Amino acid sequence: MSAKKKIGVLGASGYTGADAVRLLARHPNAEILALTANTHAGKAMDEVFPHFFMLELPRLTEWEKVDWAPQLQGEAVYGLIEFYREKIAAARLVACPGCYPTAALLALVPIARAKLIDVNDIVIDAKSGVTGAGRGLKQNTLFSEAGEGLSPYSVGTHRHSPEIEQEIGVAAGSAVTVNFTPHLIPMSRGELCTSYAKLNGASADDLRAALAEAYRNEPFVHVAKKGVLPQTQNVRGSNYVQIGVFADRIKNRAIVISVLDNLVKGSAGQAIQNMNLMLGFPETTGLEQIALFP
Amino acid sequence: MSAKKKIGVLGASGYTGADAVRLLARHPNAEILALTANTHAGKAMDEVFPHFFMLELPRLTEWEKVDWAPQLQGEAVYGLIEFYREKIAAARLVACPGCYPTAALLALVPIARAKLIDVNDIVIDAKSGVTGAGRGLKQNTLFSEAGEGLSPYSVGTHRHSPEIEQEIGVAAGSAVTVNFTPHLIPMSRGELCTSYAKLNGASADDLRAALAEAYRNEPFVHVAKKGVLPQTQNVRGSNYVQIGVFADRIKNRAIVISVLDNLVKGSAGQAIQNMNLMLGFPETTGLEQIALFP
Amino acid sequence: MSAKKKIGVLGASGYTGADAVRLLARHPNAEILALTANTHAGKAMDEVFPHFFMLELPRLTEWEKVDWAPQLQGEAVYGLIEFYREKIAAARLVACPGCYPTAALLALVPIARAKLIDVNDIVIDAKSGVTGAGRGLKQNTLFSEAGEGLSPYSVGTHRHSPEIEQEIGVAAGSAVTVNFTPHLIPMSRGELCTSYAKLNGASADDLRAALAEAYRNEPFVHVAKKGVLPQTQNVRGSNYVQIGVFADRIKNRAIVISVLDNLVKGSAGQAIQNMNLMLGFPETTGLEQIALFP
Amino acid sequence: MSAKKKIGVLGASGYTGADAVRLLARHPNAEILALTANTHAGKAMDEVFPHFFMLELPRLTEWEKVDWAPQLQGEAVYGLIEFYREKIAAARLVACPGCYPTAALLALVPIARAKLIDVNDIVIDAKSGVTGAGRGLKQNTLFSEAGEGLSPYSVGTHRHSPEIEQEIGVAAGSAVTVNFTPHLIPMSRGELCTSYAKLNGASADDLRAALAEAYRNEPFVHVAKKGVLPQTQNVRGSNYVQIGVFADRIKNRAIVISVLDNLVKGSAGQAIQNMNLMLGFPETTGLEQIALFP
C-alpha cells in the first residue's frame, strides 16, 4: 500500500466540508491533518457535526494556521474531470464546478460538442435539495418553511448560469445563452436537471448514443437505457451520475434528465475524484459507495 | 339563510373525495346525503378517513344506490370556471379539469389568447405532490420510495397533455403541441408549473399585465407583483392560485410560474366553486380558507 | 349579525401569530386592527408571510404603538378552557397554556382528579413537530438538520414540566413530579403525548370512560373509541384534540395518547376559543375547520 | 488478500435485502452469487431497485433454487453479537434480532445484568422510520398518509415485546414484563428507543459508566458523553449505535436513549457483522461507513 497523503479540509463546518470528511476518513490513502472553520475554531469536530462521534479528528482551527497556498489561485484548473482530465492531472490547484453546472454540463456538453442540438435554445429546469443552500441560518431553509412545499428561486438570475454558458459555449465553439431556473425541493440531498433542447436533425436515440459513447469509460457517469427514468434516490450519498434521454411530444425536441448528489459528485466527491487523479491514485478510490436507498 | 342543498360525493374514499367532504361538511348551504365508495361500502367514513372523527356522516354505499344521472355525461361542460363561467352556470353536469391542466391553463390561456406568446414553443415543467397519484397502493408512492427524492414520470407521454393542448389551441385559434413534463415531489399537496414561452414582441411585464387584467375580478386567482415568487406553501389547503411572471436570461423569452393545491383548486375546491355557481350561491361560499402555513 | 370586535395580534411575525391571523381573518366577529412585530415594523404582512397575499391587513407596527394593557398581567387567568371556563369568562386577561401542557393535561387531569392513577409515577413521552421551536433561526431546525431524523431534547429539564406538574397537582390535591421528555419529529405541525400511568385499581376502560364523561360536552376534545389510535394527522390544522386509552402489557398500567396541532389548539386556536368565551360569542366560532389530511 | 466467499441473499427484493446487497457489493471478501425473491424471479436486480444501476448482479431467482440449508434452523443462535459473540463464532446459522430488540437490548441488558435498575418497571417508548414496515404495499405507509404526521401502533401488543422481555429476563435472571410502545415517524430510516427505568440506588452516571464499560471494546456501540443527545441522524446509513443516559426529574429514575439505523445495525449490517465473525474476517469489514448526514 502506498503511504497516506496528508489532507486538510478548509471550511470543515459546512455541509460540503462535512461530506469531504465523511469520505476522507475512510479513504485508504488519506489522512486528515487539518480542519479549518473560523467561527468554530477550537471546537472538536463532533461538537459541530455529532455524526462524527466515532472518529478521531483534529480540532477545528483558523484557516490562517494552515499552509494552503492562496498564491496558486491564478493557475487553478476547471475541475470537471470528465472533460479536463489531462489538465487536472497536471495541475497544482483545481477549482471544482458548482453542483448545478456539474449536473447540467454532464448532460449537455457531449451533445453540444457533437452539434446534435441547437445551443441557443436550451431550457434547463433545475431542482435541488435544501443542502444546496448550505448550513448558514436562513429563514427559507428552516424545516417549517421548506418542508411540504416547493419554491422557485433566482429565476432568470442564478449565479451559476454564466458558468454553464461558458462551458457549453466552449463545447459548441460559440457564445451561448441558456435558460436556467432552479427550484428548492423538500429533500436534503439531490439535484435533478431537466434540460429541454431543440434537435439539429438528430433523434433522442442519437443523443443517448452520443452520451453513452462519451461516458463509456467513465466510472461514475451512467447513461440510462431507453425508458429508464433517472431519479435522485438512485444516487443519494454516492458519487454517481445518471443521465436519461427522452423524445419530446414536440417534433424535433428532446429532454435530457441528469441526477446527482449535490454534496458528493456535486462537490466533495468530485473534489476527491480530482484529488485521486492529481495524487496518482485510482480515480475511484474511496468513492465507490452505492446510493443509500431507501 | 337559504335552505341547504342535498349533496352526494361519488368516490368518497379517495383523496379528492375526502377533500370534498372536508369542505362540504362546513359549507353553509350543503348537506352531505350520500357518500359512495364501492370497495368500502358499509363502512363508516371515519374508518376510512379517521380525521373525520368529529363529524356525523352517512355510511359509505355503492354508487349504484345513488341516483346520479349518468345519462347527462354527454352534455358535460368543461369546468374551468375562469373561462367557461356562463356555460357552467347553465349546465346540469360539469367535468372539472385535472389538476395539471388547471395550473397550466390558468398561466397560459390569457397570454395565448392575446397572442403574446408563440404557442408552438411552450415548455411546461410541472411538479406535483404525491397526493396527485391518489390513494391506491403503488410502490412508487410509498413514503420510503417517494421521500427524500425526486422523480420525473410520464416524460413525453402524460395523459393530461392533450387536454392542455386542446384549451391552449382554443385560446390561440390554432392547433397546438406543448411539451409537458411532470415530476413527483416529496410533499403531499401542491402543484407548480414552470412554463417557458417565446414572446411575440411582448415583454414579461406585458404578460403580467395581461394576466392581471384577465383575473382582475376572479376571487381565487392572484397575479403576483413583479419579483414575488409563487410557492406551493402559499396555497396549501386553499382554493387560491398564485401566478408570477419573470423575464428570462434569453432575450424574447419569459417564464410563467403558477401554483395551486391539487386537491382543492385542482379538484375538490374547483368542483365546489362550480357547484356554487350552478346552484346560485356566491362562488366563494365555503372556500375562503387561507393556506395552512407552516 | 353582531358587530365585529377590533382585534390586535402581538407578535404577528411568529408562527403562532400567523396562525392567529389565518383564523381571525375568517372569523365572522373579528376585525384585525393591529399587528405588531418589532423587528419587522413597517413591513406589509405578506412580505413576512407570503401566504397572506389575498388579504388586506394592517402593516406591522411596534408593540409600543398598540394599547394592550400590560398592567393587567397580574390578574391573568390560566387559559385551559376545559377546566377554567368560568374564570376565563369573567377574566380581562388570559394566559394560554403551552402546547405541551395542553396536550398532557387534557389527557391526565380528569383521571388524576378521579384518583384513578398514581400521580407520582407518570411518564410523559412527548413528540412535537418543528414549528414548536418557532420561526427564529436555529441550526437544529434547518430542514437539512431536522429532516429525516429524530432528536430528543431538554431531557429531564424542559421548561414546561413545572406547568404540567402544577396542574396535575391541583387536580390530585397534592404535589406531583412527572417525567416529561420531548422529542423533535420531522414534521411541521402536530404534537403527541404518550403518557404512561400506574393504575389505582382501575382499568384502561375506566380511564377511557372517565375521560369521555369529562369531555362529553366539549366541542373540541374527543375521546376515541376503544382500539382507535390517535395520530397527529387527524388534527392537523384544526382545533380538535383526540385522546385514546390503552391497556399496557404490564398489569395495572395504562397508556393515554393525546394529539393536537400545536399551533391551533396548542396556541392560536385555544386563544381564539378563550376570546370567543370572553367576548360572548359561541366558543366554536371561526374554529370548526376539519383537519387538513392528507 | 483472502479469497472471496460466495454469498446468497434470500429475500433480496425487500429493504433489508437491498441494504445487504448495498453493503456486500463493496465488501472486500464477499461475492454475491445468488439473489432470491419469488415474486420477482427472473428480473434483473436494477429493475427492482434502480439504485443498483452501476452493479453487475445475478438475476433474481426462486429461493427453492438456492441451497440454503433449512435443516439448520433448529440450531440457530441468537445473533446479538455484543452478548453472544462466542456462540455466534461457533454457529452454522444465526438468527438476527429485530431492529427494535437490538435498540432496546443494547440500552438495557448491561444495566439489567448489573442489577442497577428495577427490571419490572421499564417503559420503552420506541420510534421508527417507515422502512421498518417494509416494502409491501400498505395504506398507512404511503407518503401522503405517513408524511407530516406521527402515529403510535401496536400499543401494548407489538410482536417484538416478548423477544425484548426474554433477553432482559436472561440478563436479570428472572422473568420480566416490559412496556414497549412503538410509533411511526415520518422518516425513512432510523430508530430511537427512549427507555424509562427505576434505579436500584444507582445514579444515571452509574448507568452510563456501566454501559461504557460493557461496550469498551465494541467497534459499533458508542456510549455518549454526559449531556450529549443521541439522534437518529448520527447513525443514518451506518452500523453504529449511540446510547445516552440522563437523570430524570423524578428521583431514583433515569432515561436511556439509544439510536440505530434499522436497516443496518438493526438488520443487514448486523447480519454482515455476524457473517464476518463466522467466516473469520475482522468484524468491521465492509461496515465502517460513517453516517450520511445531512
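Chains: A, B, C and D, in written order; residue numbering restarts at 1 for each.
Definition applied: contacts are C-beta pairs under 8 Å (C-beta built on N, C-alpha and C of every residue); 3 or more make two chains touch, one makes a residue touch a chain.
Every value quoted in this text rests on a predicted model; they were computed, and no experiment measured them.
Undergrad: Shared touching chains for chain A and chain B?
TA: Joint contacts, listed by label: C, D.
Undergrad: Looking at C-alpha means, what's the farthest chain from chain A?
TA: Taking each chain's C-alpha mean as its centre, the farthest from chain A is C.
Undergrad: Contact counts by the stated rule: is the higher one at B-D or A-D?
TA: Counting C-beta pairs in contact for B-D and A-D gives the edge to A-D.
Undergrad: Between chain C and chain D, what is the gap in Å from one C-alpha centre to the other?
TA: That pair's centroid distance is 36 Å.
Undergrad: So the centre of each chain is just the mean of its C-alpha atoms; given that, what is the distance between chain B and chain D in Å?
TA: Centres of chain B and chain D (C-alpha means) sit 44 Å apart.
Undergrad: Hey, how far is the Cα centre of chain A from the one of chain D, in Å?
TA: 33
Undergrad: Could you list the positions in chain B whose residues touch two or more of the other chains?
TA: 15, 129, 131, 144-145, 147-148, 186-189, 231, 233, 236, 293-294
Undergrad: Going by the contact rule set out above, which residues of chain B touch chain C in the complex?
TA: The touching residues are 15, 18, 22, 25-26, 49-55, 131, 147-148, 188-189, 222, 224, 228, 231, 233-237, 240, 242, 288-294.
Undergrad: Any idea which chain A residues touch chain C in the complex?
TA: 15, 129-131, 135, 137-139, 141-148, 186-188
Undergrad: Using the touch rule from the top, collect the residues of chain B that touch chain A in their complex.
TA: Listed in rising order, the residues are 120, 123, 125, 127, 129, 144-145, 147-153, 155-157, 161, 177-181, 183, 185-190, 192, 194, 196, 229-233, 236, 246-251, 253, 255, 257, 259, 293-294.
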